[in-house]
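Here come two complexes built around chain A, the first alongside chain B, the second alongside chain C.
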Partner chain A sequence: MKRRGSGAHGFAFFLFVAAFFVLRQAEAIEHNVAGSAQLDYHFVPTERDANANAGTFSTFDGFTVEAAMKLSVDVSPHLSGNVKVCFGCHGFEADMFYFDLRAVDELNLRIGRFSPSFGSFNLRHDPANHKFSDKPLPYDMGRMLRKNIWGNGVLPAPFPDNGAEIDGTHFFGDAAQMDYAAYAVMGFRNDQPNPTDLNFQEAHVPNYFVDNNARPAVGARLALTLRASAATDATVGVSGMFGTYDPNNDLTYAIAGADLAVRVQRTNFRAEVLARRTQFDTSNPAIFKYALSPADGDFFMKDGAYIEAEQPIVRDLDFLARIDGMLRMGNVLATTPLSDKSSVVRESLGLAYAVERNFRLKTSGELWQFSDRDPETGRRLEVGIHLGAVATF
Partner chain B sequence: MHFATLALAFFAVVLTGCPDAKTEGLDPNALPESQRADYAIFAERCSKCHSLSRPLNAGITDDAYWAMYVARMRRQPGSGISESDEVAVLRFLHYYSSEQKDAVQRKNKDVVDTIADGGAP
Partner chain C sequence: MSKFIHLALALAAAGIFFGGCSAISPKVGPEQDASTGCASSSSSSPYGGYPSSTAAGDAGACAPVQDPRCAADAGYEEGDCDRCEDTSCCAQRFTCYDDPACFNADEDLDTCVEDAKASDAGDEDAARAACWSTFTDLPGPLAKNLRDCEAQHCKDVCEVP
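The block that comes next holds the complex of A and B.
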């Protein structure tokens, strides 16, 4: 297994390097290379003795790094490609490798590996494009406290997958823009016996080249952007995704989301709500904490939401505020401290300072409120502090 | 820290904040008067999804490539970059990349002149 993973890391990196050097020789093809790297130190004084090793339910405190390189190629006005290799918790991985074949603005075919259109955070998932060090909880991919108990967010971002998407955009003059997307991708997976949740790690290396079942997951998004003035606009969108995640195509998941983003000059307000319904395997009732209900006892709901705001204070300094949380309802494994109705709420305040054009410092403080006590410390409240830096080119 | 505190802190900053600040961009006052309106549109639209350092440091100097690049950005979901915005953004990027090219040529000429004069580059 480890050898397969190493091969996948190497293949992703090889693809990027090969594409880059081929394009350097083909001067007629326009290409652009961009990259970013974020180093973040997460200090959690209330979880001093916890560790983030596999099998525990704590957090990745201490230093973490997320880095990415992206190659964008415009072969012609109708054909473009993107290759992105990222490096993080999963090692090197092809986060994007797709082509866009566009007839008109309103009709584009995307094929390859990409994060399908869902929600508004998807476009800003790179740490260079969001001003807090970490992602909103519904999109968290391993940075949250007690991450193993919670199984990360509702839809950890990015969520690259292999498949095809038809999308497009239409402008109604300067006043409005409408976007749509519909896609079929491999979908999330869990190949373990008695699966009880999506296994997001299986969507990454070393397994992401092949599907675990023959049925694609499907989804769609619709969004409308309205401009009130030259410096004021608002976007509202709805998204949905449905698929099966086990090898036998028996267990379904459905994710729905709604988002709102308002921009008044440089002040940004954003809000999103996500809800996921996940069926689980009930063939072994002994693994659950509660007796299985004969009616609707084979699924759980995991919902999440965030609201955040960014406000420039002076030219190079932004003030940030965010409230996010998740609610999980339904049966749980007997081994977890979660109950049949568990929640977490986080409140954060932060600053982002642009030292120069390509280098930004980030800091934030956060207060966590869990409904369930930590079985080791007995705590419900936790405090975290982020110190980070992100550079781009 | 509760919601009311958080909201109060944010709105206090909004009231005392600097709504026209364009972080990580150029100083509009350092631009020629004729470029400021186009730059304002560029800064407003392009900073919606990413840092302005992305386009400003892209190193692109060819107008035809800028046209494809900006068209690709315009088609991003919720970009808010209308076709009339695209024209203004391209005008500014033409000015900016021309200035960058001139700066590189001036720097190269200085190095050559220094070497020709027998000095270290």
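The block that comes next holds the complex of A and C.
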């Protein structure tokens, strides 16, 4: 039994509501309130009794809700604030609570709680902003099959954190723009006795929202957008992040990513690749499935990628296609079915239908190909079906 | 098709960024028996040629391994329950702690039990039993194994209902 203080359920939501009502009295301040909610049903017929949640991997099948409310306030021409409270599998949480102090387009200081700039999906992580029901595997946060043995994605999104970021945009006329960001945040953590991976669940209640090692993680992003017309453009970007995640600052993680997005009228094509190098504690070799290699044996690689396309069929109906996957290389715990080289690939086809401007139905089917067999069913192939609806205001 | 995607993933994620250097090419030794820390005779790993390590570092000894975190001076004992767990449920305790889901469920259990003790709402025993029930509802055997071991060996000091 360990000792740990209690969490702060609902505190962020209370602050959000309080701020909202206080700001309603300030007539001179511009503010905007927006919200979204997605209900999704995930059916996995290939699992035993069609119940993926009953196995050893604790998949979240059945109904899930992802909802969020956002308040944006322009305090002055140079100062703005954003608060976003979301509700998902972990209950209410503060996804954003930050201030922007903008000198010019090229120089903005962001402080508070926010998702640091990494990759292109980060900007679309709200379910109202992507047309599939779930996220690409490299950014998966709890919706993938066999999530516990895989430890979610490479970089589960969103990844709100406390810290500061300097960012900006330089416009080259109407033809191009360059975006940059550099930040220092608390970083990921793992307080387990012998850390062997990032523990994303420690970023949620009932844990404290504080750093566990007093050393910030740092990162940066650079992106270039070229525009051929108002509705045709292409963006390419690179991102990186580095930090330590254990209380003693001994174990490092480094994440690198590259992304490409092309938009031609209403057709969208996106591709992104992420790679994470994570050191693990080797003080107890007996907990690993493989003997520790004397050289390059104290870390693993977790890589992920996706490509996806959105093509309108008629005015309100979009066809969606996506291939995504992950590859994990390196030692694993003796208790996991994974091997020293495990992979998962998912192929998805879907439709998104706009019933009206702010209400969309989503459906998709997905084929999963795992390199390792499910120890209970012996299966390597799984099938999933999503049916969802999302609304915004 | 699947092999192509696997290859593309590996090349894209590793080769493009880092050029395939050893800094992103982890290596492992032969597969070892989880209960002894010894190399398995059926291992098919290509990295043969050196003995597996045991917790004590005496490569090749291959005696059953006791997790060193269960030693009295290892720093993982804060009370009678911890001491009993280390003495009687060492493997179950740290197998749970090494699994993120079980570790977090154990932390939730601690918080839940503390709240049950501090609450003035009524039946503490029922509230504590509900905490343990939630803990053992965790999919998989890890939480149940730890609970069963504590119930058998540490029932009083760990207040297992």
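Going forward, the second predicted complex is superposed on the first by the 376 of 393 C-alpha atoms of A that agree within 3 Å, B and C clash if a C-alpha of one lies under 4 Å from a C-alpha of the other, contacts with A are read in each partner's own complex, and residues count from 1 in each chain.
The working rule: a contact is a pair of C-beta atoms (placed from the backbone, for glycine too) under 8 Å apart; a residue touches a chain by one contact, two chains touch by 3 or more.
For clarity, every value in this text was computed on a predicted model and none was experimentally measured.
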Overlay on chain A: chain C relative to chain B, clash or fit: fit
Which superposed partner A:360 touches (first chain B, second chain C, both, neither): first
First (chain B), second (chain C), both or neither touched by A:231: first
Touched partner set for A:63, first chain B, second chain C, both or neither: neither
First (chain B), second (chain C), both or neither touched by A:323: both
Apex chain A: angle to the C-alpha centres of chain B and chain C, given in degrees as a multiple of 10: 160
Smallest separation of CA atoms, chain C relative to chain B, angstrom: 6
Where chain A meets both chain C and chain B, residue numbers: 323
Complex contact set, residues of chain B against chain A: 1-3, 6-7, 9-10, 13-14, 16-25, 41, 44, 47-54, 56-60, 62, 64-65, 68-69, 71-72, 75-80, 82-85
Chain A residues within the chain C interface of the complex: 1-7, 53-58, 148, 151, 190, 192-194, 196-197, 199, 201-202, 206-207, 256, 258, 273-275, 277, 283-297, 299-301, 303-305, 323, 325-327, 329-331, 333-335, 340, 343, 345, 369, 371
Residues of chain C touching chain A in the complex: 2, 5-6, 8-10, 12-14, 16-18, 22-32, 34, 37, 39, 45, 47, 50-55, 65, 67-69, 76, 78-79, 81-82, 85, 94-95, 97-101, 103-104, 106-111, 113-115, 138-142, 158
Contact footprint of chain B on chain A as seen in their complex: 30, 32, 34, 72, 74, 77, 80, 102, 105, 108, 117, 120, 123-124, 126, 128-129, 167, 169, 171, 173-174, 177, 179, 181, 221, 223, 225, 227, 230-231, 233, 235, 237, 261, 263-267, 309, 311-319, 321, 323, 347, 349, 354, 357-358, 360, 367, 392-393
